[in-house]
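Paired with subunit B in one complex and with subunit C in the other, subunit A is shared by the two complexes that follow.
Entry: the complex of A and B
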């Protein structure tokens, strides 16, 4: 168990203050229930999501570095937890570039000085995902010990998306043996939800792309990619897809509706954040973990499964 | 499994005789299919350097054409014409005209990083796709793609305030691309979202629309970013020769033409 993960700096990111509201709510509620301490990064900025890098990758690095600089230098933390795959990926990418690319270091230093804050230096912060956080600070045994409402009636397909595992070089801690996360077959979400009693189905598309980067600018492509995922999940026997990223989550929800409206293909698999499922298993009420804030209507579903 | 690369032979380069007999053997129809030989003379020798000068394109010279990127590509699975390996080949050999045939799909890369994950040569094909898409627009070969417009709307907001408010980004994007906000699926989605949403949250989300979220003390960062963006734009234009007067034919500046 990682003791130091019990109190971490929390970087919610923009999406969690908007469409990913339910993820923010459930992450905080689960943290509180588990006795984990989240201290929000002061006066944070957007990490640039999947967009700013297309204007200039080094600006994206700067944006992430500012967040890490505040966490390290102003707040004295050595760990930042980001539940959004995009934020998590960008902070990791910035860490990699600042450790390996002198040009990035130069640009970040120049911009930080002009912006009037201390320059972040590689090695000061370890960025972790919400999955690492719960898996390492509490673990499967910890979840089992606190289980109030087993997810035993649920068949879950775990969806990790792109940014949590690719490209491998920015995640040096992954693929380091059985206890570490795998970049080809990630399993941290499987482990946690299985510990919470759920039946994990064999879902072949756990790291496939939902087309999130083009969700609005090339919607047909996104709808096709999402439809693939939804159908594969249904074919695997899942009644719910568990997500761990606000962009993936809202992409699946949006394009589930769009597939129905534009392509006439209806799918009924439910989409819930893994933190919502864990929260229910730990005995939190559906509203406490924001089930009512999802687009895919799961209130009746969680009641029917005996989780409310 | 179709042989993907067969699609690289353009239909107009395929020659098939309806009736053909060679030395007494009937080879009519597809038995007589040949690929027409052709001579390429219009190389753009600067092409690889130009792509390499744009962000993401830096490592293109490392490619050894193994094809792993195309094999892993998300968009290639939907459209076999979307072929990163092939485009990298065209750029490296300077076959600009051939590349331009695909100018309207290169921007469709969804940045899934599958190519970068599998590439044995650290080319970062995802970055090369972005650089190539960018190059097409900077050179005026096509208008800005919806993806580029979205990136711009998004980034402008981040640069200006430090944060994103999604509703504003969405409206800004639809406005810039001239699309109505009343798309059937968006309306349906919002209806479903509002079904259970508590009034308090609706007010919060509504307020975020009016009171734009911002990062405090962002002015310094904003100025630094804007200065950097300008500097990079100038550098890229120079690398692509966009600030030099055009050097050929009718477009030659008058003074030069008068010599």
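Entry: the complex of A and C
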């Protein structure tokens, strides 16, 4: 187990203060229940998300570097945890840029001086995802030892989305053997939820595109991609899809509703954050992990499964 | 090339749970071929000539590699292609397996995802770019 992951800087990012509020709530609740310390990064800013990155990638690098600078230099942390796939991905990308691209280093230094904070330098902090955090700080045995409410009645399809593992060169710690995460067949969520008692189904689209980036510009394509994911999850026997990305999660929930309205196809698979499922397994009440805040109503479902 | 709309319709037909394929191995081979057709569209639309080569024994994987050249965000469908190959192998190596009908239905869903991603990307090129973000990364790494 990684002792240093027991107290980490926490970077929720914008989505977790908005549409992904339930992810924020459940992440904090699970951390508290597991005795893990999350210290929110002071005065954090947007990671650059897709809007900035697609127009000026170096500005995105700067924005992400500022978050890492505050966490490392002002707060003294060696690890920052970002539960949002977009934030996690962007901080990793910034780290890669600053280690490999002198132009990015120059831009970040110039903007940091202008903004009045110390320039972040590659290697000063490690960015991890919520999955790394729980897997490495607590592990499967730790989950099993703390289990109060097994997920044994649940068949779960784990959906990782596309940003958690791609592009693989910005995740040098992955694909490093059996204990590390895989960029082609990620399994950390499978491992943790299986330890919580869930039956994990084979889900061949676990890293496929959800069309999240085109929800507004090409809604029908996004809806069809999500509908296909939902149908595949149901075909694999799952009664719930576990997510670890607020963009994917919101997209799955919203397009599940839209698919019924637009294409007349109803799917009944439930969509819950992996932190919500873990929280329930650890004995937390559904409201404590924000099940009531999801778009799709899963309160009756968790009660029916004996988790409330 | 077979029109994209026809590809979508045929994938749907092959995956229809109410119409189980009489010859599942043939259906699995056809789904693999439909995946190749989808990738041919992508490559041709970008001015390329679809390769006849194989990678790890499969033209689908060679076509994916060709389609991703200079377009790293196309890797967002790399695992989808590999899953289609995997399901093809599961079905063709043991067509009498009790799970074959379910495997074929899943193979059709995987092929459909490939179709949706690629055809969607042909409409809106940036599909998958936020996710992989590889283009801006590499564009500035000369």
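To be clear about the criterion, the second predicted complex is superposed on the first by the 308 of 308 C-alpha atoms of A that agree within 3 Å, B and C clash if a C-alpha of one lies under 4 Å from a C-alpha of the other, contacts with A are read in each partner's own complex, and residues count from 1 in each chain.
We adopt the following convention: a residue touches a chain if its C-beta (ideal position, glycine included) is under 8 Å from a C-beta of that chain, and two chains touch if they have at least 3 such contacts.
All values derive from a computational prediction rather than experimental measurement.
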Clash or fit, subunit B versus subunit C on superposed subunit A: clash
First, second, both or neither for A:205, with subunit B first and subunit C second: second
Which of subunit B and subunit C A:136 touches, first, second, both or neither: neither
Touching partner for A:15 - first (subunit B), second (subunit C), both, neither: first
Contacts of A:258 with subunit B and subunit C, given as first, second, both or neither: first
More subunit A residues in contact - subunit B or subunit C: B
First, second, both or neither for A:218, with subunit B first and subunit C second: both
Partner chain in contact with A:182 - subunit B first, subunit C second, else both or neither: neither
First, second, both or neither for A:50, with subunit B first and subunit C second: both
Touching partner for A:231 - first (subunit B), second (subunit C), both, neither: second
Contacts of A:104 with subunit B and subunit C, given as first, second, both or neither: second
Set intersection of subunit A contacts, subunit C complex versus subunit B complex: 49-50, 53-54, 57-58, 162-163, 166-167, 208-209, 211-214, 217-218, 221, 224-225
Partner subunit B, residues of subunit A touching it in the complex: 14-15, 17-19, 21, 43-46, 48-59, 62-63, 66, 107, 110-111, 114-117, 162-163, 166-168, 183, 208-209, 211-214, 216-218, 221-222, 224-225, 253-254, 257-258, 260-262, 292-293, 295-297, 299
Residues of subunit B touching subunit A in the complex: 55-56, 74-75, 78, 108, 110-114, 116-117, 127, 130, 134, 145-152, 154-155, 158, 162-167, 170, 173, 177, 184-185, 188-189, 192-193, 195-198, 201, 205, 208, 213, 215-218, 220-221, 223-225, 227-229, 232
For the subunit A and subunit C complex, residues of the former touching the latter: 49-50, 53-54, 57-58, 60, 86, 89-90, 93, 96-97, 100-101, 103-104, 161-163, 166-167, 170, 184, 204-205, 207-209, 211-214, 217-218, 221, 224-225, 228-229, 231-232, 235-236
List of subunit C residues in touch with subunit A within their complex: 72, 75-77, 79-80, 82-83, 86-87, 102, 105-106, 109-110, 112-113, 116-117, 119-120, 123-124, 126-134, 136-137, 139-141
